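Chain naming follows the written order as A, B, C and D, and within any one chain the residues start at number 1.
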Amino acid sequence: MIKAGIIGSTGYAGEELVRLLWQHKDAQVVWYGSRSYVDKKYRDIYGNMFRIVDDVCKDDNLNALAEEADVIFTATPQGFLASELTEELLQKVKVIDLSADYRLKDVAVYEQWYKIKHASPQLLPEAVYGLCEVNREAVRGARLVANPGCYPTCTTLAIRPMLKAGLIDPSSVIVDAKSGTSGAGRGAKTANLYCEVNENIKAYGVTTHRHTPEIEEQLSYAAGEPVNIIFTPHLVPMNRGILITAYANLKERISEEDIREIYHRLYDDETFVRVLDPGVPPETRWVRGSNYVDVNIAVDERTNRVIMMGAMDNLVKGAAGQAVQNMNLMFGLPESEGLMQVPMFP
Amino acid sequence: MIKAGIIGSTGYAGEELVRLLWQHKDAQVVWYGSRSYVDKKYRDIYGNMFRIVDDVCKDDNLNALAEEADVIFTATPQGFLASELTEELLQKVKVIDLSADYRLKDVAVYEQWYKIKHASPQLLPEAVYGLCEVNREAVRGARLVANPGCYPTCTTLAIRPMLKAGLIDPSSVIVDAKSGTSGAGRGAKTANLYCEVNENIKAYGVTTHRHTPEIEEQLSYAAGEPVNIIFTPHLVPMNRGILITAYANLKERISEEDIREIYHRLYDDETFVRVLDPGVPPETRWVRGSNYVDVNIAVDERTNRVIMMGAMDNLVKGAAGQAVQNMNLMFGLPESEGLMQVPMFP
Amino acid sequence: MIKAGIIGSTGYAGEELVRLLWQHKDAQVVWYGSRSYVDKKYRDIYGNMFRIVDDVCKDDNLNALAEEADVIFTATPQGFLASELTEELLQKVKVIDLSADYRLKDVAVYEQWYKIKHASPQLLPEAVYGLCEVNREAVRGARLVANPGCYPTCTTLAIRPMLKAGLIDPSSVIVDAKSGTSGAGRGAKTANLYCEVNENIKAYGVTTHRHTPEIEEQLSYAAGEPVNIIFTPHLVPMNRGILITAYANLKERISEEDIREIYHRLYDDETFVRVLDPGVPPETRWVRGSNYVDVNIAVDERTNRVIMMGAMDNLVKGAAGQAVQNMNLMFGLPESEGLMQVPMFP
Amino acid sequence: MIKAGIIGSTGYAGEELVRLLWQHKDAQVVWYGSRSYVDKKYRDIYGNMFRIVDDVCKDDNLNALAEEADVIFTATPQGFLASELTEELLQKVKVIDLSADYRLKDVAVYEQWYKIKHASPQLLPEAVYGLCEVNREAVRGARLVANPGCYPTCTTLAIRPMLKAGLIDPSSVIVDAKSGTSGAGRGAKTANLYCEVNENIKAYGVTTHRHTPEIEEQLSYAAGEPVNIIFTPHLVPMNRGILITAYANLKERISEEDIREIYHRLYDDETFVRVLDPGVPPETRWVRGSNYVDVNIAVDERTNRVIMMGAMDNLVKGAAGQAVQNMNLMFGLPESEGLMQVPMFP
């Protein structure tokens, strides 16, 4: 039985981790960390856990936790883990970080986009970017996994096959993304009140969203050259779900069938990536509560462009589910252990 | 492995059964019945089932199905099962009926409220009302289970302890109920379009809703005398969830603590009924996707009345989950097998 | 042209006042008061006002405002106005208070339910309860109007005819209310975040909601005797709208037609109260954005009870619209001036 | 007083026309046409109109209507008006068509995208495309106005200044659009049920949406050369609102300030187009219920692209409001008559 500690267990991603780990037959949560709710019962913060979780919240003492846990999940604000993590700690416990601290290999890029000084750049080379479908082997041997951001996960899985196959012009990629509101976290902000989000759609972080360099880095690996993109996220009045609609210029004429063939080749052995049938656009309702990413493409012959689409639950494959998938790999378990929930509809 | 057939598998309750049975380790679905979608792939109707269910829909031939299945779930319009079910069929297969055909013991009451002639009243005496927390033993030996309606399940579990203990005046019971829209089914009606339901709340079926006699029958058993109630359901702009707010006059002064004591005594051994802490009203968000019913009470000393509240997922404990719970009992499995999903929030 | 000042103009009710007054041909807003946003442009707080309102927010200095305005609307926290208002001020300017400070005639009741010491009880006798349909004449001559609460407005208008006619037992009244989330205000609280409210329904303030004594006082006037009720509000995932479903025991048998006759007699000359057709329950979608209250009743012959229902936009007739209606009366304008918006659907 | 007839008055756009015309001081509706609801009271179909509209629905007899009306609005399925409209009719009455029948000048393009034979191509040259901000003068003298589609209105107003100024490569334009569900109409389709739309976002009509050629034609006029675009609409779980996020390559380096200058020059005299402040993305909540279009741009210096954004209420400026704006022009009234509603929030 893997003993797991969660730092930041009272945010939405943390709570989703609790939900998934509670149903995982080889893991149990031994530490519910929460800066805001120390000594408060977890089930008083999340009423769904009533009669399920009886623990009280503890603080975010990584060193104490390292003595009790086999793995630590950090669902914490940017900069927290970077300033706490040490070689000594990594010798005792595996760490899966749901923040952005170890996702970007170039510390200068991190500091530019996050406006924070990185406190432990020496650990960056070791950190493995935990997009399992891409870095499976590296994750297996990792001590420190940087769990990918929600937008980067969905975007990379949707676009990567085209770049890897060299079919699109990397400089032409435009990503228009739409996210449910749980992605904005549980902080009490006016902008996230029900009446502000409901009956509204807006773009935010236009040209400046912090997931941009993370997506660019991952796409660059696939393309074998530096990639710059436009990334525009939108806030959608729904709880869960991310939809990516990406556009790129095809280098040469190619049929939709031939492209779909490439996607199938890459993804048909993947448990969690579903290449949809021709003409079926991904929808977030079909993946809700599950670890699936649904992808599809359409070719626009009139403009010789391709539209690449992906849908995913931002809290599962975009956060907690992928973290558990990484944990499974790191501990030698079947990758899908505890993650085979059927999407819940309606 | 229990072989299950579902007649009416393409409605919301049917699809929820598919979701739950697919995750049940001792059952498998062998027949996806659907009058409207015969020969169509199930996953083309419900995209969440893509790469999970590969079957095509079959018709609603109960006799053919009885040869293949150990249990048949019928999530069908009122009157269908009553006109199809026979003693012969019941000798071959167990039946769990999610329609109202066998819920009311008095055929005259059925015919009055449903405006349908009952085609097999001779089977009514045998049918067991599948509210497991009340009729557990009878369900264990049943061939034919009438799976309770959504409102009656939540209402009965919330009010029953008070009536059983003789604490309230049975003639004073008023039930104000609120339901998510999945309860209205997947039929294409203007009234259930997104723009009609969204940003709206309304009462419907005022004084005439068909669940009224079902609730009254169950409450009468608890009270030991005939009970007439007012039952007013409301349609709420959300997918899932039922909330019951019920009111009754206390016969004598009694403290909230003493009442809560009674609830705890009755429910603390129940896996799926959670008696909340003092002052915590049930909320549908805390039970979503799970088989739990959350109940609580409040005493209004100013008027000497009690307010009895219950929250539940109408598609799980109010339909498919309770049906699986019944199946578990009928086949000698642990009652909670396949039903321990942690409620999904947000 | 009436010069109006708004203290608390940046809450939802304040902003709705701005919307309505801007479209009122005989009034203009001269003071946008806001404790939190002093010196900030109003249209930066509410983007809908871009290129409509160019003013910056001012503080909540009632005395300075009284020099500039003919009428002051206060949409402020409980206790604010009571501690600021003076006879001197009332000699200069009319005041319409959207808070609860002057709604209850009995200062002890106010202090008990609001847990605040009332700072100007000497002004209570003069304050007119601004439910125009009931106190029209008194409002006309008033200097200080207590604008009714949202729940009390809808409840009183729905139930009052029955009590006035002596048809129901006053001690049997139960009010089950449902409100959209704008009623919770624009304060940044976790409980009102989108993901917490969406896909949820819950009761709140069970047996303790502060509108209870206000409703009771108004119903007592109608009944001619003290009335105690149960009042249970619920939070509904929608922006606007209040629905009241109230229950009471009929003293004697009476037909629905005869009751409806009474409602028509009382309300057919009222511009803003619509008695719906038989069998048509009020729905909040049909009054959205308007000053209408839709009411209807149903008799349950089985239990000899009546169900009284009302629907209203909580921000219009439940707050800002009624305040403007009061202003019209106080300044001798046609009562419906600036309030004839057709409800906006969908 | 302008006498207006509405053919198709019981769809969402038709009902919005009723709402707006009812509040218009120089117009009145004399004919509520509806194929589905002939002889039914209009207020029984739309309860918001209770005690406002007392008329019953009539059929869609254009010739009879032409005798009674000064202007006919047709909110009808594609092909209807084309097959009914005649020179004779146009000599009696002005026509504002909310369908697509006269929007495209090239009949071959119409027939290709709409898969319908156009029954009156001889009227196409005369029809004026009623985008008032572009074709104001032509609208003034028109007998037949083709009221623009919702997506084309928002897209054209957002992008047009860039093309007119020759700042972007016309072949690089990509339009990612998001619409509320009222755009899908009031037809009873499973796909538009509450539970299907709620908690979901999806693209639809990918590469094939019928508004594509309409947008292309309008952008071509602005560019002075043929323009082909990718247009991808998405369905958002909200009632009203359209948001456009469009992307294009800048021909040369140009600052955001210089571009904004161009937008201001073009739009500052327009009543209904609001150029937002730097860094403020348009949001649908700020225009709800109003005839405003909010636009803004952002320059992405990293990729030398521009992002052009627009937000609008699809039922007002995207349909009924623009139709009234056209009517005002055609009848010599102030263009904004009856259209100055302040956006309703929340």
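As a convention for this text, a residue touches a chain if its C-beta (ideal position, glycine included) is under 8 Å from a C-beta of that chain, and two chains touch if they have at least 3 such contacts.
Just so it is clear, the structure is predicted and the values come from calculations on it, not from any experiment.
Contact with both chain C and chain D is made by A, B.
Traced through touching neighbours, the fewest hops from chain B to chain D number 1. Looking at B-C and A-B, the interface holding more C-beta pairs in contact is that of B-C.
Taking the mean of the C-alpha atoms as each chain's centre, chain A and chain C sit 46 Å apart. Here the CA centre of chain B is 38 Å from the CA centre of chain C.
Each chain gets a centre from the mean of its Cα atoms; for chain A and chain B, those two points are 37 Å apart. Annotation for chain B: residues touching 2 or more other chains are 12, 182, 195-196, 198-199, 237-240, 283, 285, 288, 346.
Contact residues on chain D toward chain A in their complex (touch as defined above): 171, 174, 176, 178, 180, 195-196, 198-204, 206-207, 228-230, 232, 234, 236-241, 243, 245, 247, 281-285, 288, 298-300, 302-303, 305, 307, 309, 311, 346. By the touch criterion stated above, chain A contacts chain B in their complex at residues 12, 15, 18-19, 22-23, 46-52, 182, 199, 239-240, 274, 276, 280, 283, 285-290, 294, 340-346.
Across the complex, chain C is touched by residues 12, 181-182, 186, 188-190, 192-199, 237-239 of chain A.
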